[in-house]
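Two complexes come next, and they have one chain in common, chain A, joined by chain B in the first and chain C in the second.
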Partner chain A sequence: MNRRINHQASSQKQLCTPAQHVMSRRRLLGSTAAAGLLGMGGLGGLVQPLIADELSQSNKQVLFIWIDGGMSQLESWDPKPNTKFGGPFRSIQTTLPGIRISELMPKTAEIMHLLALDRGVTTVDNSHSAGVPRIQRGDPKDRGVIYPYFGSAVAKLMGQGNSPLPPYIWVKPGSGGFKYQDAGFLGPRYGALAIGDGQPPPNLLLPEALSHDDNAARNRLRNFANAQYAAGRNPTFGEAQSFVFDSAQALMNRQSLFSDPDPADVELYGDTELGRDMLIGRKMLEAGVRFVKVNSYGWDTHGDNFNGHASLMPRFDQAFSAVVLDLEQRGMLDNTLVIAMSEFGRTPRINGHIGRDHWPEAWSIVMTGTGIRRGVVIGETNKTGTFVENDAHDIGDFFHTWFTALGINSLETEYLNNGQPLPIAHDDCKPIKELLT
Partner chain B sequence: MTSLRISSGLAIILTVALCAPAPARGVELHTAIDRLIEDSADGMFAPPATDQEFLRRLFLDLTGEIPAPSDVTEFVANSAANKRTVMIDRLLQDDRYPRRMAELFNVMLMERRGTDPAWKRFLVDSFKTNRHWDSMVKTIIEPDLTNENEQGAGYFLTKRLEKYGQNPTDYPGLASDIGRLFMGVDLACAQCHDHLFVDDYSQADFQGMYAFVNNTFIRSDTEFPAIGQKVMKKPLEFQSVFEEEMFTTGPRIPGGAELEVPEYDSEHEFAVAPDPQSKAPGVPAFNPLHYLATTLPTASNLRFQSNFVNRLWASMMGNGLVWPLDLHHSDNPATHPELLSLLASEFAQHDFDIKWLVRELALTKVYQRSSILQTPTDNVQKAEAEYRVFREKALSSEQLMWSILKATGAESRYPIELEDEPKLEASLPTTIDQVQEHFIASFANPPREPEDEFAPSVRGSLFLMNSELVQSWVNVGGNNATEQLLKISDNKEVISSLYITVLSRAPTTVELKQMREFLVSHPDRPDAIAQLVWALLSCNEFLINH
Partner chain C sequence: MPLTFDTTETITPTTQRLSARFTPCGKYLITGGFEGLLYRWSLIGDERTELSVIKGHHGWVEAIGFHPTESRVYSGDSWGGLACHDYSEENPTTLWSREFAHDGWLRAITVGADGSWLASCGKDHSVQCWKTKNGKLTQRLVGHETDVYSLVVHSESQSLVSGDAHGKVIAWNRKKGVPERKFDASELFLQHRLQDVGGVKCMAFAPDGKTLFVGGTRPKGGGNVQGVPLIIGFDWDSGEEVFQRELGVVGDVYVHEMQFHSNGYLMAVTSGNPGTGQLLFVDTNAAVKEGESEESELPYRNNKLSNCHSISLHPDGQQFAVTTTSKGSNGNGRRLDKDGNYVGNHSPIYLMQPSNVANEKQ
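== the complex of A and B ==
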């Protein structure tokens, strides 16, 4: 049926939770955070440091929209109206001749010519706990280490570029803070700085009593003291410690990122949580952040799938179409890779609770922006949407595609983890040419 | 069914470890350590640390905080040849030693899962009375619940049985944590099959450990954390995900003998019957935890010894002889195998006396060496790997908190026993536990992540730069360090006092000059001094144990 990658023992009954399984593997080879920190520009720890040097000069950015819980492909990108599992919604014409998407996405239908859609996605895991990390890590071959999430990978491979801001920012509902679990063996430095509920990270504001000049002066004193300490000592700890102060200062310098949004923008993006976060995401991209993840939660519609999607999809439709158009109008789309996806799709079969369950067998991923061919639709599911016809693509193929779009040779670039070279994407996968310019 | 496979890899290591060299008669352990390190090194050794650097390091490691200025001046002025030894002995008797060790062991054993008053009491009492490591581990697995100081020890087990998030009760995690933290073996990846990369770790090893804990539960009839056991009626069955064959095992410590699971009729399955009145669960006649408690922490279990000495070595010297700390196996040998064997056997000889081992390690030249390379052109990684230079260490959030409180003079604002109403405005923490929470939120790892690597974060920097709490300590007020410094009119004296208060040493000429220029040029003296205090609190020399 489909080309399936050999995922070792993945589908078998396990006593352990897969997350824990992976966790202790990380410990196996022991990512030395300190060793990773040696490369201050994000250049260290690669087999090919010269490539990394070049990449760090690149101005390419990423907007990664994560629809957590599983968006139904049948109520979005791959509708099957009037079929056994089609559900109640109709499909509508898009700006691409012959391509129809769900009527729940009227605004996106207007920008379909800007997008690249793959309807032939087949992945492995059908549980959230395993699926989310597995998909966001690109599901590479098991080499006994925990791979980084896509955001951490890009932060490592491309660095923070010309922006002083942290290279990986995660805009999400709920709690914010510093989430270094995403970084896997790359070490905590490549984790995400999470902006929760649109709130700035704690302690971002300079104390009122302290002027900017005073702040600059006290930091000059600190740097002076650091220079005194550094003489004759291993620079690793000192540089890592100084680096986090510099990053903190860079964030403090960009407080406008957290100020109240322009009402015209709110109108455009939608007065919703996702609209708000997408807008913050755009501001982060404008400020030069290398990788921005915008998160939407609550898509796990095991019950009442159709009312659920009727309520969720318009918010996505508006925020997604707005950000793509906005980036295009600002001339940023040519440099920004935009991806929207979940950890899996939803079952064509409608369950007893009028819901759809988890379905990694046949779902859709959409993308646009730098390096991506616009106005293409590839991959095809069968009549009832249950399986992919022809060549299915796994998440490893997409990682190759996205790295390629960002100018990274995914077939040759390797991480170097304590002397162990590690391919950046699954060895048995390759870039999807039809999606690339 | 097939009978259990014996893990041959473990057996081999046990044999190797048994051949540990005995130190020459009459040679104390610290001397033997230095000989082994010197014999295996290839290059120039850094000189001994200065008195100031040594004292700061020792205070941080033994009391959990930096020395007071008077400690530094007295120590430097002392001309006795044995003053370092005397200081080590003094600090081992210091009131802060049990607190520091309790904090160190809490982080090591609980990995930031949280804390509990009874658990804390157990740890502090253990270090106050110098409970030996074998007794500590035995008590953790099987506490005497009638002894108030042992009651909380079960927290190690109960906390790991608490559900978090949507995860099921993590029995496998508990089994592997007992292996990781008490024997230095991470068997988690051998749960579903023999370990894919570590030949020594078999699935049978994991399952044998798992059989000790998979019948445990959290008791609901006690006011302190305590564990109960259901009756184990038959051996555990397991199967590799790669094979069809079914295996069985009773409880078994890796490298040890399998415990046979006896069959009792229902009348005899409890040694102590459950009490419906008090809701106390019974004690099963077949009691795997009792066997674990009496067999694991013993002199015949070499992994138990090596694990501990390696962890304590890492805590004192900045890196494990075996690294990662929980991956002792034959393909991941110690950097100094003879040294590890010697430490392990001597530790057992001294009945697992932790304080004795801390003392011996502190007495070594290895511990007392400078963190500055002798030759700047030396390969620093190699020098550190050979212990020719002292390796910098991270400060725990606890060490950082106590040290900042000490340096700023804010310690007295948070008395352990609250007598009066809190003096500060309510938006700020008023107790030491609340202050602790701020430090843990800003500097500690997330739950279940071991803190064995240096991992500074932006959130920590933001806390130091901008938090109201740090500002309230640094800005003049409440007779704090800034206020004290403000009373001094001579700038040179201000800076000397500042350096010894915060960095536990005198300033160099260059530092005197630079800091004096700042003081003179700044229009507002209280602000200027506050900023000087802040700059030294936030500099690498303060934030790193060196």
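== the complex of A and C ==
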């Protein structure tokens, strides 16, 4: 049975309204107990502060690989060779008996036994503008409030841990800076610090002429100015500003994160934009960053999809397989949740520009690492890859699954949004047990 | 007198095709499909009859070549297979096949003028020569560093030329098995983020053999590939670039195929954003005059066709076939027909000829 959330009906019947949350007994109790904690954790707090303390001691981390624009599932994880929509490429055997993936991923085929693959993903949004944020916020449908991106959620729920570094770093091509928008109702403190084009944040190094004492004096002045600014304003903004500054200062002490890479690492990850960023991502994880998002752009292959994937996929294949193997060999994979995904897949139908358009109906997500069962493939599409057969999974199911893999009880843990208890993952969804250890 | 052409017939396959070729005898039209099949139409008589399909391939069958005098079709597929069939048989049998002629996508086939050899190229960066009689590999030419997309043979010298995904064009010394000369068509290539964009999509020699034309796009970006259709001409003797012509705007993207018509003009087809396609006749001898747009120089432009992927000249030197993709071919999300089925696109094939020829026939 293909389980899809009824998005039209649910807008009336199932949408999480503030009233519904207030009326929930469990949440009402939680809300009462936590009412005094408001303001301690930004706009959005947690109903269960003790759980938050425990999670903050966890050494679990996340590597979230975002393939922006939409990787074709048919040229990657769910090939349908020699069918009318299957495209030109062959499939190849992986290390999992009976499991084949696209010939464009030979290195990944060699580590398939380390991965968990879901070929039965069905989501709603078929535009980038809706899909990119909604998928990363875990929204199968509009929930009435702006939920945090997964990185912001993990930053909030698990904190920095023992690392002084920012809990949510986004390694991406293009510009860097602080991206507060990711945090949604949690407040700007839980936004992403973006590392653009492999470059450290500007002004990472202190000017040589600036002495230690002068720098300390400068910081005192800054703190004074911050206090003046924060007086009379929403405390979360001042708090966010200080937090970001402190995190950036911590990065100042870790210049090695941005030093020239080891040539052997470049060979392993690939001398490409994604290889470079994946390597930085690994270094960030090594340094203790809680959540690292590595971003690749240029996957919106409406035109020339097959020639495009012929060069895109091998470069993804190299960087992805390298980081998984690298984390495993460094003993980090057991503590790191690794996810690779886009905002949707691509249409089975091949358009006149020999491209594929946006297809949220049937696509794939791959993951590995902490809490995830390895060497498992679930979900199935039909013979021509057009639709999911049997149980389909929506993004809310994955948020439940990933939180669970990180040791967070996604069914019990709740945010507090201005006193309003809100589930951290969607009410209509649940963890996918087959993917969990 | 301006050039005009009439569509004499439209063949409408139910599935997508990227290429259609007239056989040298002119009695058949052969197209390659997406499911490892070759399709045939009989052109004998007034009705176009679809004949039995030729099986045995896998994936996409784009590369098609013919023996000049015998009823042999040589075809290559995207899994690397190469095969020979007698296209005139009612149910063509496979005369020979090489399942792994290339490691991956076999992109193009060209056949020598005497019909004794053919060359193929593909994803494995190689150009390979085969005996047409039995499919025996005679030569593996190594010199490209990326996928080889296109091939052409000089009509007099029988020099073999190959063009690749990065815009490198190599003229081979087949006796020695080494590159003899190289032409730089890197304007047809762009490295955009992780993606290789463009490449040499097609090539053609001028009828006098003095100029080599290469076609593709002047790439602007990857992902949803955009670019301006572009043809570059190289003097065959000196290797100097002697011709360059952009043939549209950014969304028109690729010159997919070109061939000289008997009227002396270079026929070219382009395909870009869904719904855009051009059939063009280019005067390769005319220089663009100062103050004139390049567009005004074209003897013929038809931009009413949708996504033109191939053009094939009939042996009569007048008729030609243009392979297109159905209009309305794109769209995000599920689009179902009235019966709730998810349907694919198809490829109308237009048989065209100069208007004066059509008038004479009447």
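As a working rule, the second predicted complex is superposed on the first by the 358 of 437 C-alpha atoms of A that agree within 3 Å, B and C clash if a C-alpha of one lies under 4 Å from a C-alpha of the other, contacts with A are read in each partner's own complex, and residues count from 1 in each chain.
Following the convention adopted for this analysis, a residue touches a chain if its C-beta (ideal position, glycine included) is under 8 Å from a C-beta of that chain, and two chains touch if they have at least 3 such contacts.
No experiment lies behind these values; they were computed from the predicted model shown.
S.K.: Is A:A216 in contact with chain B, with chain C, with both, or with neither (first, second, both, neither)?
M.R.: Touch status of A:A216: no partner.
S.K.: Touch test for A:L251: chain B only (first), chain C only (second), both, or neither?
M.R.: Once the two structures are laid over each other on A, A:L251 reaches chain B alone.
S.K.: Looking at A:Y180 after the superposition, I want to know if it touches chain B, chain C, both of them or none. Which is it: first, second, both, neither?
M.R.: Only chain B; A:Y180 stays clear of chain C.
S.K.: Between chain B and chain C, which one contacts more residues of chain A in the superposed model?
M.R.: Partner with more touched residues of chain A: B.
S.K.: Looking at A:T347, would you say it contacts chain B, chain C, both, or neither? Reply first, second, both or neither.
M.R.: In the superposed model, A:T347 contacts chain C only, not chain B.
S.K.: Per the definitions at the top, what is the overlap between the chain A residues touching chain B and those touching chain C?
M.R.: Touching chain B and chain C on chain A: no residues.
S.K.: Within the complex, which stretch of chain C touches chain A?
M.R.: Residue positions touching the partner: 15-16, 18, 34-36, 58-60, 78-79, 104-105, 123, 147, 165, 192-197, 199, 222-226, 253-254, 271-275, 277, 306-307, 309, 324-327, 329-335, 342-345.
S.K.: List the residues on chain A that touch chain C in their complex, please.
M.R.: Listed in rising order, the residues are 69, 81-90, 103, 126-127, 173, 272-274, 296-304, 307-308, 310-312, 315-316, 347-355, 357-361, 384, 386-387.
S.K.: Show which residues of chain B lie in contact with chain A when the two form their complex.
M.R.: 166-168, 170, 172-173, 176, 186, 188-189, 191-193, 196-198, 238, 241-242, 323-324, 326-327, 371-373, 376, 380-381, 384, 389, 391-392, 394, 441, 446, 448, 450, 453-463, 465-468, 471, 475, 508, 510-511, 514-515, 518, 522, 527, 531-532, 534-536, 538-541, 543-544, 546
S.K.: Where on chain A does chain B make contact in their complex?
M.R.: 8-9, 12-17, 20-21, 23-25, 27-28, 30, 32-34, 37, 129, 142, 144, 166, 177-178, 180-181, 187-189, 193, 201-207, 209-210, 214-215, 217-219, 221-222, 224-226, 228-234, 236-238, 240-245, 247-249, 251-252
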